[in-house]
Amino acid sequence: MIMQSEYIMNLASKGLRIDNRKPEDFREIKLEKGVTGNAEGSARIRMGKTEIMVGIKMGVGVPFPDSLDKGVLIVGAEFSPIASPSFEKGPPREEAIELARVIDRGIRESKAIDLENLCIKKGEKVWMVFIDIHILNHDGNLIDAAGLASIQALLDAKMPEYIEKEEKVNYEKRTKPFPVKFKPVPVTVVKMGESFFIDPSLEEENALGARFTITTMDNGNICAMQKGGVEALKIEEIDRIFDLAVRKAGELRKLLK
Amino acid sequence: MKREDGRKPDEMRPLVIKAGVLKEANGSALVKLGKTTAIAAVYGPRETHPRHLTRPDKALLRCYYNMAPFSTNDRVRPGRSRRSTEIAKVTREALEPALFLEEFPKASIEVFIEILQADAGTRTAGINAASVALADAGIPMRDLVTSIAAGRIDKTPILDLAGKEEEETECDLPIAYMPREKKITLMQMDGDIAQKNLREVIDTAIKVCEQIYEKQKEALKERWVGEGK
Amino acid sequence: MEEKDAGEKKAPAKEEKPQAKGLLKKEREFVVPGDKIVDSMEFLPGKNCFRDGNSIYAKKIGIVSVNGRVVSAIALNSVYDPKTDDMVIGEVTEIRDNGWVVDIKSPYHALLPLSQVGEYVDPARGDMARIYNIGDMLYCRVSQVTTAKRIDVSMLDRRTRKFHGGRILEVNPAKVPRIIGKLGSMINMIKDKTGCITIAGQNGLIWLMGEKPVQDLAIKAIRTIEKESHKDGLTNRIGEMLDKAGGAGKPAAKAEPAKTEPAKAPEKEEKK
């Protein structure tokens, strides 16, 4: 609705938000782990009304030709039609693909998963790790919510046993903890008018000009970035966004169990 | 800091830009960045199909990014991939701030980017080509859009990563930049880099964007009022 | 319609004047989108230009033109943007209950409503195709452009017509004003010197009728104008070019007009 977007932008010009949050406030976040039985690891996050479930599944497969001694990481995101009236069934849309790829880069580039540890037999057999992001309710800021839930799900994961003789995975016996080395956390900052907000709701996302996601590691280093939205940004504005995102990433990381 | 191909740290690969390379398109451009070759075609503004995508207040900008099957050593499977879908999206967002789309309500403008040869930096080459093609098509714009990627190796910001550098770099950071407005329209990054070192990498990239801008202008000038005409 | 020949004639006079304060580009200088043309509030942005702060910038690739205080860029390439009262050439692409859809090579198709046709038509009887059928080429007037970009064309004008025979040449719409020239000077010269009947639509479609060599000569002239529109002294050069080559073409067309069926120079026509 154009009227609603104009109203939100109007508020933003005074530094105000439609739900009375301060610019640097997250909505209430509830993060749970181990929410489903058949996955190797799982997590559910509620960020305001946004609700996402992430499941980790593992299997055995062939390594990629350019990394014969490394496990394979695959991140997928599905915008379930139940999550929003604008979602449809069918191939993943642009937003879903971007979401999955931004999360993928954060985890891959931070080397959060020790993929070398997931090699069973070099060049032949490696563990494949699937991170599946399932959007249950879309009320904005999917990247931050899905990113945090993905790390939580990885921390929750236990490796199933691989039975060499039968060439079979025994999903009944999950004992070894999954090799997570770092905890990369994405934080998205949006620019609305001249104000910078975090954790935009869907209404705010529909009104926003520019969106900037910065994925930060435990040591404060940055491992992935992605600008979105059709507004251009000045360099000084990007500096401000860095500071805000890095500061807020620490807050989110504390929620991980 | 010595580079594989002998370039200086802040030197891009040889850049060639040609405007108006396709006959049928309203505007077109070819960009060669080292061995990477991208061609962009612009169609429109024209009627929007399917109709329900029509926007009442401005033109719809659609971008497509495709790698030719023969553009890399391993054949690229034809059709859209997740990667090409994402690149098309960020390309659209990189170009849209430069356009006066409000001048053509309900119409659509299509930008097709085809990578003919891939050797690092395909998305930035594609954006450079698309920007020139849009100007070539006579689409009203507030600025041109320039694009390049930068990284950091051995504590030195490195421009336009190529070859082995892509593995050695701390980060790979493509940006798109409007030189007149001095604004960034695309920024992505992956790697592992301290915040304090990031600004230097960005500044290195922006500096060379000014050079790309001059090349884009020359290409358009040559095409429209060049002596060869 | 812009009259660029006027600019051509005025140009030398302007260059003699001292450079106006704040003007950063010369008359007829090439600009790309985002190029700063003026750094002063003394000027106003004209066609294909916009103001940002104290400065005026070009919006399109073009040639700078300063007229008094108004700075504009004459576009070098552009799609046709319909304006009321433009005369355009279009192809009928669809027949609807309320009229004909006409493709006028613009971002929006035009409608020729039943009310804008001289004859009485009864759509219920299905005789609309008898008046204008799909594929017909029309020379029509843009009668309405709404803010929502609904475009209507009309055949209720003495100048309008449906073409029978002849051929269609497509040119860059940005160059049409130059091809027509001041008060039609350029196109009339082409007609006179080649003997080819020529009608130019503002939308970049040009209809030509005449014998093949005559047509070819007219097309050569038009293509030259299209390519060199940014250069000075074009009218004279085209005139010379036609005089040199046209000596043969013109009399041939005038003397034996019906000998080799001039209407049978087929291109888009002859569908029925």
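By written order: A, B and C. Residues from 1 in each chain.
Everything that follows uses one rule, which is that a residue touches a chain if its C-beta (ideal position, glycine included) is under 8 Å from a C-beta of that chain, and two chains touch if they have at least 3 such contacts.
These figures come from a predicted structure and were not determined experimentally.
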For subunit C, the least number of touch steps when starting out from subunit A: 2
Of all other chains, the one whose Cα centre sits farthest from subunit C: A
Most centrally placed chain, judged by C-alpha centres: B
Geometric centre distance via CA averages, subunit C-subunit A, whole Å: 54
Computed distance of Cα centres, subunit B from subunit A, in Å: 27
Between subunit B and subunit C, centroid-to-centroid distance (C-alpha), Å: 33
Subunit B: positions in contact with at least two other chains: 178, 181
Multi-chain contact sites of subunit C, meaning residues that touch two or more partners: none
Subunit A-facing residues of subunit B, complex: 82-83, 85-86, 88-90, 93, 96-97, 171, 173, 178, 181-195, 198-199, 202-203, 206
Subunit C to subunit B touching residues, read off their complex: 30, 32-36, 48, 50, 52, 57, 59-61, 63, 75-79, 107-109, 148-149, 174, 227-228, 230
Contact footprint of subunit C on subunit B as seen in their complex: 26-27, 44-47, 56, 59, 98, 100, 104-107, 135-144, 178-181, 216-217, 220-221, 224-225, 229
Subunit A - residues contacting subunit B, complex: 92, 94, 97-98, 100-101, 105, 108-111, 212, 217, 220-235, 238-239, 242, 246
